[in-house]
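Data block below; observations after.
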Amino acid sequence: MRLLEYQGKQLMANRGIVIPSGSMITSLQDLDGLEYPLFLKAQVPVGKRGKAGAIRTVSDVSEAVVVAEELFRITVGGYPVCALLAEEPVGIQQELYLAVLIDKKINRPLVMASQAGGMDIEAVAKKSPEKFFKQYFGLHTGIQDFQLRYLAKSLDLEKPAPFFNLVKQLITLAREVDATLLEINPLAITSKGLVALDAKVILDDKAAYRQRELFQQIMEEQQRIDKREKSEAAQMAEAANIQYIPLDGDIGIIADGAGTGMLTLDMVIDAGGRAANFCEMGGQANAEYMEKAMAAILANPQVKALVVSLIGGLTRMDEMAEGIVNYIKKTTESVPMVVRMCGTKADVGISLLEKAGIKTFADLNQAIQEIIAKSREVSNGNSD
Amino acid sequence: MAILINKKTRVLIQGITGRAGSFQTQVMKAYGTHIVCGVTPGKGGQAVNGIPVYDLVTEAVSEHKVDAAISFVPASFAKDAALEIIAERIPLLVLTTEGIPDQDVVMILDQAKIMGIRVLGPDTPGMISPGKSKLGVHPHTLFKEGAVGIVSKSGSLSYEVGRVMTAKGIGQSSVVGIGGGPIWGLSQEAVLALFEKDPETKAVVLLGEVGGTLEYDAACFIEQNMKKPVIALIVGRMAPKGAQMGHAGAIIEGEEETAASKIEALRKAGALIAKNSLEIPNLIRKIGV
Amino acid sequence: MRLLEYQGKQLMANRGIVIPSGSMITSLQDLDGLEYPLFLKAQVPVGKRGKAGAIRTVSDVSEAVVVAEELFRITVGGYPVCALLAEEPVGIQQELYLAVLIDKKINRPLVMASQAGGMDIEAVAKKSPEKFFKQYFGLHTGIQDFQLRYLAKSLDLEKPAPFFNLVKQLITLAREVDATLLEINPLAITSKGLVALDAKVILDDKAAYRQRELFQQIMEEQQRIDKREKSEAAQMAEAANIQYIPLDGDIGIIADGAGTGMLTLDMVIDAGGRAANFCEMGGQANAEYMEKAMAAILANPQVKALVVSLIGGLTRMDEMAEGIVNYIKKTTESVPMVVRMCGTKADVGISLLEKAGIKTFADLNQAIQEIIAKSREVSNGNSD
Amino acid sequence: MAILINKKTRVLIQGITGRAGSFQTQVMKAYGTHIVCGVTPGKGGQAVNGIPVYDLVTEAVSEHKVDAAISFVPASFAKDAALEIIAERIPLLVLTTEGIPDQDVVMILDQAKIMGIRVLGPDTPGMISPGKSKLGVHPHTLFKEGAVGIVSKSGSLSYEVGRVMTAKGIGQSSVVGIGGGPIWGLSQEAVLALFEKDPETKAVVLLGEVGGTLEYDAACFIEQNMKKPVIALIVGRMAPKGAQMGHAGAIIEGEEETAASKIEALRKAGALIAKNSLEIPNLIRKIGV
């Protein structure tokens, strides 16, 4: 889960990291009574806001109103801007980059720091990787002083002590909140010390079970601000905790594994079909989960045909068939549908489906060919 | 001999009394896997399918010789369970659990490295050596004994590829799932190395997907070390950027994480590229395996 | 540094570990207004107080006065009893043993637990080591749940959760205060949970530099209570932070290394001499330190002769000689003295000493023979 | 060849600009030790006795090949300094520092074990191979080249024994101090094993003391593995119980920690027992080395 800038900053400020003083603007009234000049920064969970014109300086309240009105009208990376962070300017001597993350290639956490703060950091990292100084550390042991000394020397810091402290704070924070990324870019050196001018924080979704309060608070805040229109299908999938990615075609896809799900998507499109979504249930899905996936995918009015791509290892085909049959029993509307089914308890599942009049295939390609043909029939039928 | 396991491998099942654990124990046992004991805290003294259950791994290994363990323990207890296996120096741990927090996986793999333990997973279906042994959840009816190794990030994709191969009469030496990521124990590369050394394996199918950069290490390894032919299938060619395609690691965050870019690297490394599962048997036939 | 029982308990209580409610008794007035019955426990830093009759039950204030008067008169392990801990009795269901320490054989911290709580634990450990259950852990990683489950099962605990919590608290405490031993024996299982009935705590003297406040507080308290008579020599050595162990002979010993110090002691006694002390300065001693060691050792009126046993590696003989000469210049009284000197910068040191009229030897045995002869001369002289 | 070090061993000095570090650097260099660089944070760019000084170990090893390091860093910074050496995988670290807290020593040795680094110490004089090389603070004039190895807990005792041997014309192959304890890196046992394998060593002198139980492991090793004769001297026979005799580890806390008990165990293991340093040359002569 990616946090909004102000949420990430709040998390850091709670642990003693210095951030600029600021306030949230959700309506134009909030702009009164502030001290100007200040920055207005759109709170959307996407990068490169500066380039997108979503971070602006205003010198007085009248300018602020004009700019805020403008920002509230735009969309950044698909997100309508519904909240701004108004922040005091800070006297910057130098801008650094600092991040704590996990290097997935070697399964180790690391600190990354650079003097190239404030820049388009991905571009710098690609073009000049030597400008990034890295120190790996143990999750338990934390970072050692000699590593901090290395970073301070690499960054040519005049006052290393506050930097040492900040790095340790970030490492502790990452550990405590299960963050997979804590990035401060830029990190400003000011006359008053180090100040986090921006904060990119990603929390590990898999840790939600042990970070319940934090996750809930952050999600509630985001939902309050997020004014994106969500389809009924997306809402149902979200409620049922089902992986759902809407696409713009007419063939619905449900799979019981990520790999075959992607294969099914590739093959549908290769065969000339247009996929309406990607949906994958994970290895431990049961009948109820399957039924909810059916309901969510078919709530999308674009879906004219459905391919269910199942190949059971941990997932049991008898349970999947039960879920499909349960859904069909409860619903009156229907679209053409094929099920590819094989693997664990497939014999039981297939006979359940056949009893319910649902055609099954063992071969994925055949299932896809069939559903594309059916979707064309429906389209042709509609256009008749 | 198959890689990593064989008929004599003595197996401990962690989480043996749970829903998945007890069912898969039954299936593996029926397939011929030499399961010697199981562990579930608080259930010591029970039996599952005739397999004795212990409260603690240390109790189990004091009664039984154990060569490998497979864990069906839920994510919130998975770290503790894995560290318990590692502490007893059981040389191979298959971690089927999905959804273990990254920090916990890092700690598990760190400790495993220190103690010299191989970890397959997490979020892996495990492995099967058709006709010999199975340490995982693969639907074994889709596989048959043969000379082609399969290594896959995705479980379901390896079942699908096994199925089309078996349907065309092409058997498998071993089928290994490394797990859904984003952090892995045994890498594709490590499994490729095992296949390269395995006398029963004549060719290898590498199944990858969008997201991460693991396949580049595999490509590098293929180019430098593999004499056996490799057929590669990378799924997610049609995945939109920035969307997470099921697996935690299957999300395109940069150009190099796309399927197209990985396919190109593997092609350059000398792998034969399959567009989908159907093409794989044909490619295998073509190279005369 | 070994803490007194009440100090160890306070340290534990501060971290949430339950101890019986109690109060300190340093005079008979303190016994008024307490609830009886209760235990009176002599606060001395030695073990086996129960066997020594230094832990007593009293049923009312008049009995308490009698017992306290008696305790204040006795000495336990060389320590006069100057303070008592008055503690409420606790309803004990079972007594356990629990300790966190470092196993010096394999350089690893461990938790040790047993059902044989309350007993003479060293005797049990020797006779029935199988009654002790051990779990090693990493200082950084701490103990894992499976290890706690092992201990709880080994101890046959009905309610493991409070035990898990207690072990984790002890491990954290050991780490935070640099304890080399945290022992609770007995640890009582009561209807209200686990209660630490005793506490043996040893802190790592080498960590004093980073536990300054804690060490100071504990030492000040102990000094206030400790009414042992200390010799002037012991006080001077303590003030100068010099290793000083008083013995009952007449030959003073100063060495610059632990190994040669012990060798010198062994050889003095083997040769029929009687050592007045053991004193070792450590590898990094300088002239000032040497001078203070001379002053401390010679402050002991028993000392009739002095052997200084020096063989320099890190210690520089020029500096040692300087210290000896400085001491001699400042003092008027003197006893016969020999110096064995060799090693780093010994040539400079020897010439300094010879200029000051001090006899030096390279051979330790010769030095010892000489000083024993001299001490006998003095004794004979005295007895003349 | 001497054990652990030889003339070609390239040495890094940690804490080279300090009082002890700079003096001992000069002494070691004069003795012929191949010192290539030194490290003191904040003193990078300086030189001590012509040896270049760096701020960080990583900088030093990027400029110089280093085979061994010796640390003169004060106790409060010793852990960080040691971990810095270990992180750079310098294979041998001599830790002369006295007074490092036990927890820090445990962490250092734990990490060293994980990384496969040998640590001698802490609180060790290091080692000398007379006439060849010196990685420590031994007063080298007291030693001479020869065929008897010395392993000692105490630095000063090993100097004394070297002195009496040299005075009698008996030289030493290598003289190794394991440190004052109570926690050690290389054990007596490990050093005995190195001497047993060393072709230049014909006999070994083991110098122990009261406190701890380390000598029992040494006795066990001597009995089971040593073919070369061992002469043992345990000091502290006259030490009172419960008193700490200088070294943190030199305190008799139980019957088995007394000198008498250790002497008995070593005698049973086949070691020749010396009552004091003077007897050692005679015992060596007696066994004909």
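Note that the chains are named A, B, C and D in the order they appear, and that numbering of residues resets to 1 at the start of each chain.
Note that in this section a residue touches a chain if its C-beta (ideal position, glycine included) is under 8 Å from a C-beta of that chain, and two chains touch if they have at least 3 such contacts.
These figures come from a predicted structure and were not determined experimentally.
Enquirer: What is the chain whose Cα centroid lies farthest from the Cα centroid of subunit B?
Expert: C
Enquirer: Name the chain pair with more contacting C-beta pairs, choosing from A-B and B-C.
Expert: Of the two interfaces, A-B and B-C, more C-beta pairs touch across A-B.
Enquirer: Give, as an integer number of Å, the spacing between the C-alpha centres of subunit D and subunit C.
Expert: Subunit C and subunit D have C-alpha centres separated by 27 Å.
Enquirer: So, what's the distance in Å between the C-alpha centres of subunit C and subunit B?
Expert: From the centre of subunit B to the centre of subunit C is 56 Å.
Enquirer: With chain centres taken as the means of their Cα atoms, state the distance from subunit B to subunit D in Å.
Expert: About 48 Å, centre to centre.
Enquirer: Using the touch definition from the top, which residues of subunit A touch two or more other chains?
Expert: 138, 140-141
Enquirer: Show the residues in subunit D shared as contacts by 2 or more other chains, in ascending order.
Expert: Correct list: 107.
Enquirer: Taking chains as nodes and touches as edges, what kind of graph is this: line, ring, star, complete or other?
Expert: Basically it's none of the tidy shapes, so other.
Enquirer: Sort out which chains touch which and give me every pair.
Expert: Touch list across chains, by label: A-B, A-C, A-D, B-C, C-D.
Enquirer: With touch defined as at the start, can you tell me which subunit B residues reach subunit A in the complex?
Expert: 20, 23-24, 27, 75-76, 96, 98-103, 105-107, 109-110, 123, 125, 136-139, 141-142, 152-160, 163-164, 167, 180-184, 207, 209-210, 212-214, 217, 235-240, 243-250, 254, 275-278
Enquirer: Using the touch definition from the top, list the residues of subunit A that touch subunit D in their complex.
Expert: 141, 144-147, 149-150, 153
Enquirer: So in the complex, the part of subunit D that touches subunit A is made up of which residues?
Expert: Those in contact with subunit A are residues 41, 55-58, 77, 80-81, 83-84, 87, 107, 111.
Enquirer: What residues of subunit A sit close enough to touch subunit B in their complex?
Expert: On the subunit A side, the touching residues are 102, 104-105, 107-109, 122, 138-140, 175, 178, 180, 204-207, 209-210, 243, 245, 247, 255-263, 265-267, 269-270, 275, 278, 280, 282-284, 311-314, 316, 342-344, 346, 362-365.
Enquirer: Of all residues in subunit C, which touch subunit A in the complex?
Expert: Per the touch definition, subunit C meets subunit A at residues 138, 140-142.
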